[in-house]
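Single-structure report; data block below.
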Amino acid sequence: MPQHATARTDPTRDADLKIADKTFTSRLILGTGGAANHAQLAEAITASGTELVTVALRRVDPGASGSLLDVIERCGVELLPNTAGCFTAEQAVRTAKLAREAFGTNWIKLEVIGDEDTLLPDPVELLDAAETLVADGFTVLPYTSDDPVLARRLEDAGCAAVMPLAAPIGTGLGVRNPHNMALICENANVPVVCDAGIGTASDAALAMELGCSAVLLATAVTRAADPALMAAAMRDAVSAGRAARLAGRIPKRHLANASSSFEGMADL
Amino acid sequence: MPQHATARTDPTRDADLKIADKTFTSRLILGTGGAANHAQLAEAITASGTELVTVALRRVDPGASGSLLDVIERCGVELLPNTAGCFTAEQAVRTAKLAREAFGTNWIKLEVIGDEDTLLPDPVELLDAAETLVADGFTVLPYTSDDPVLARRLEDAGCAAVMPLAAPIGTGLGVRNPHNMALICENANVPVVCDAGIGTASDAALAMELGCSAVLLATAVTRAADPALMAAAMRDAVSAGRAARLAGRIPKRHLANASSSFEGMADL
Amino acid sequence: MPQHATARTDPTRDADLKIADKTFTSRLILGTGGAANHAQLAEAITASGTELVTVALRRVDPGASGSLLDVIERCGVELLPNTAGCFTAEQAVRTAKLAREAFGTNWIKLEVIGDEDTLLPDPVELLDAAETLVADGFTVLPYTSDDPVLARRLEDAGCAAVMPLAAPIGTGLGVRNPHNMALICENANVPVVCDAGIGTASDAALAMELGCSAVLLATAVTRAADPALMAAAMRDAVSAGRAARLAGRIPKRHLANASSSFEGMADL
Amino acid sequence: MPQHATARTDPTRDADLKIADKTFTSRLILGTGGAANHAQLAEAITASGTELVTVALRRVDPGASGSLLDVIERCGVELLPNTAGCFTAEQAVRTAKLAREAFGTNWIKLEVIGDEDTLLPDPVELLDAAETLVADGFTVLPYTSDDPVLARRLEDAGCAAVMPLAAPIGTGLGVRNPHNMALICENANVPVVCDAGIGTASDAALAMELGCSAVLLATAVTRAADPALMAAAMRDAVSAGRAARLAGRIPKRHLANASSSFEGMADL
Amino acid sequence: MKIEVNGEAREGIATITDAVAAVTTARRGIAVALNGEVVPRSEWDRPLADGDAVEVLTATQGG
Amino acid sequence: MKIEVNGEAREGIATITDAVAAVTTARRGIAVALNGEVVPRSEWDRPLADGDAVEVLTATQGG
Amino acid sequence: MKIEVNGEAREGIATITDAVAAVTTARRGIAVALNGEVVPRSEWDRPLADGDAVEVLTATQGG
Amino acid sequence: MKIEVNGEAREGIATITDAVAAVTTARRGIAVALNGEVVPRSEWDRPLADGDAVEVLTATQGG
């Protein structure tokens, strides 16, 4: 029974996250952008309990001290390259192929940006790039808007997951449109990963309660005053939100529902 | 370093909850009302990690099977009696004295209700009862509205903590007025315990992020489809919210803040 | 029929606002505080369509240019003195009596503040003052928190209306707790006037939709960039919110409800 | 001065709504779908003050009593045909051409739906149809999601306005994502019309406050308990929201800002 | 000759004018599609072919 | 002598100890009110008077 | 004799009428408190005592 | 012969291997694009032509 209790109280135990051919125990994916240095990043990765971290592809910097890949390797986590910064499907496809060559993985976090102020995705270019990369054998995880129709089309195009944003990258505004996020989760047949816009723990918990299978965040942790502590907060928030979703929350009521029965009240 | 990491990732390590003369590692207080049976209650208490549970005082039920006190004792947690169901200061004071006699504790969760549909507290009777009980040597934890002025007056009256509601008892509406809750936390010199109205994990995390020292809930766990799993969710949500508060969240922005720098973009 | 239409489209026609012995066509009460000068104030009063404006009682200022009373008289509106700035029941009662002497009205907007940073009311002092003033024959309109129990007690004390705040004075945060505001309106047998905290038109409309009988605001208009235009906005927002409440809004749905039927679609 | 006041208090006076070659005094566009009968529809159109109403194109119904076109003509408003119910660009383009033939207008409310449960637009088909229709000389008003990038692309395609949804058609959920709506308004160089999802007056006012140039709604009025009264509410809400936007609202504050100065307080 | 008008098979329909007359007496606010393509009123008299599908459309309440 | 115990009239109840025994065998976590006022266990043997109302209370699930 | 009017010590003030005249020429919308208690206009001529505090109040902009 | 490596014109670069060596000693986690197209490591020794643009890329922190 304590054993049972343990099982019950660890929702990930009986429900690992499966994306394409891989299985993860942690439902938190960490972006590495924004960390002040490699030591701080390593501490945050460890505290977050994540098993998958994103990286960008950029020109080698002759002056760089230490290798990001070494940090990731030391932390024992897998790497997910992204196409951040691309504005066209062609640019994104080329970047994905370079990432495959550089890191020996066919997994790609597909980003095709349509606006440099909001960094919001371009729906047409994104779908185009997704179709091309799926055809080329990539496991495509697209960063998308919270549009349920676009999410469906990305899934139909063969994406291994859909990653709708909570809010624009780095804004920390949390889930701006819980209704859309819920609609996406209700209709998706692939994992839904809430990607971008998370600011604090309750945002991450809410995303999971709405039905997301995982949360991807970077800035919220890497730019927090204490990244490692915020990473731990996000780790707990994601499992809390997942457990709450599975546990079946009470309905919302307009009027009260006594938790202490009036029955047996003394006549004082 | 892993040791350090552990310390960093366990915000309660360096910051236990102190109320009056007692110290708690857990920042979740569980109400026992609403549980289907003692076995389910015990499982929820264990999964929640709580160290303090509330009980009501009622006429002995000759037909009752098993003793609630035995359950609480077996779980190794402390007991906090309440004055639930009282509509006047006099009734509440008498109930508190009976609880002290019955359980040998001078701690009391003070409830004085002003309306039977919403079970919202009566500010005048509540303050009156608090003053009387403090003068009689009780450690008074008042269940109060989210009115910052009333919270201040209860603190001035000598209450050991103030326990503003998130929403009416059992409604599961979450923190209805985060602004008031934040104002109370900013000004309080005693622990603020968010009491009543929590529905799901993100609600509890938010309460902690707003500055609460702990969360007290019953219905959200005891009436969930899977109480033990929801108890675990609340346990994690409270530590997530606490850690996020301590970690210093990122500011909210209107426009995006790139987590992947554009610097070093390849020309593709 | 156009006549009918007119009647239908003017919700105030068949439903004037009655407080104590007076009847008002406008459901907007304007506070005069914060206006840059008397001319701007007069313009705002006219544009707002209000019939009742609040004033404070202060030491005569020998250097004052022009009389506020003349402005109010020229605008042809009635005056409602307040007890703003009082921290105790005694102070408020004395101020009310001085206002009655100065302006020849027994109407008083009762304010008893409990905190100088938030200017939130003190529930105990407020109720005490209300009882004293009602006994002395005043028509008491108390500025109160959004606590439904306190509102009930003020009504029971004989207040002619209850005036719960949307948010603290001058914050412009809008209705912080629509649930409490709705609970107050559902249970009140006197007019509920939403007082303080309104920032923009949609806030005022929402207050009326929640069931308020009127809205009282000052800062939102007097400190807007264009006070007269904002006054017109508030005039329209209050009648819009009132009409929407009376018109019976559609229910909220999770999924769509086609406004263009699919029936008769051409086969193209 | 009263003349001035009038001007000031009628924000539409100095700021009519211009779309393509037409100018409107009213900023409310009414959908005719959902009305119980023609009489009720006529009453709602009149009460709303609208100058433009939408209609769908369907197979002639031999059993239909009376002509919708006669109703619209009698009300003296213009007609805006839509492509409601179309799921592909081709279908929508054909429908638009038929509408042009039937009604002698090259204005079209372009709808291309991507999901029958939510009736949310399909971004790819929508943009494709918009480009085709613009090339064919249509004045295209696309019903779109609240995605700022898609809105930009529709504007770049030559649409005369963009019409982002507040929420799915007929849900009455109001502006689900004010942040996106504000971003669209900040960046658009054509009028932004908030289309679909409005439930009540405060929703319409908020849409205007966020920067929309107009509001298009049907169900909220036609399916209200009293359509004519709700139409009047929406008329006032739209002008209230517009005026509030132009008037420059006060900033939101965390703490209070006294509307009655403490200066000159009597010593009582 | 079998012609489909608004989804119903009909006999004795030689032209679009016939097809329109078969379902409505109204002339204002009517548009016709022949096999999916709009047919301007000026061409309503051109003969139909067996199996042609005619859609006769007008305004209905819509959002 | 008529004594009310937890709202029910009872016969043959001379002391609070009798009243408690009438409704429960438990001793731990029990408190007694006589006519609304708490009675410490040390005084449970003092005789009751006709019409006395005794409340015998214990812990139940509560929020 | 020292009288305080609206917080300022003044000389040569014998009655409330004097006190009012010392700070304003207005008569409408004025109320007077003597040592905290309101004084009806009918009693403005009663003599003041040394140390009396007079408040002369009127309407100002307020929310 | 002028070759551009990561946006900088360089001399004495005959192959991609030379280009890579010019900017980094690392071999792991490196990818190369020649005029926009990825070049697998097996082809790094093929000669470059005048005006070729080489991009030598690796992992950096990204969200």
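Each chain carries a letter (A, B, C, D, E, F, G and H) given by its place in the written order, and its residues are counted from 1.
We adopt the following convention: contacts are C-beta pairs under 8 Å (C-beta built on N, C-alpha and C of every residue); 3 or more make two chains touch, one makes a residue touch a chain.
As the structure is a computational prediction, the values presented were derived from the model and not from experiment.
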Reaching chain B from chain A through chains that touch each other, fewest steps: 1
Smallest count of steps, each to a touching chain, taking chain B to chain F: 1
Comparison of D-G and C-G (more C-beta pairs in contact): C-G
Farthest chain relative to chain A (centres taken as mean CA coordinates): G
Intercentroid distance (Cα basis), chain H paired with chain B, Å: 60
Geometric centre distance via CA averages, chain H-chain F, whole Å: 92
Rounded Å distance between chain A and chain G, as computed from the means of their C-alpha atoms: 71
Intercentroid distance (Cα basis), chain C paired with chain A, Å: 46
Per-residue multi-chain contacts in chain D, two or more chains: 31, 33-34, 56-59, 61, 82, 84, 94, 98, 118, 120, 169-170, 173, 179, 196, 218-219, 222, 254, 258-261, 264, 266, 268
Per-residue multi-chain contacts in chain E, two or more chains: 6-7, 33, 36, 55, 57, 60-63
Residues of chain D touching chain E in the complex: 31-35, 41, 54-62, 67-69, 79, 81-82, 84, 94, 97-99, 101-103, 169-170, 196, 218-219, 222
Contacting residues of chain B [partner chain C, same complex]: 114-115, 118, 120-124, 127, 145-150, 152-153, 167, 173, 176-177, 179-180, 183, 187
Residue ranges of chain F touching chain B (in the complex, touch as defined): 6-7, 23-24, 26, 28-33, 36-38, 40-41, 55-63
Footprint of chain A on chain F - complex, ascending: 6-7, 33, 36, 53, 55, 57, 60-63
Interfacial residue positions of chain D with respect to chain G in the complex: 258-261, 264, 266-268
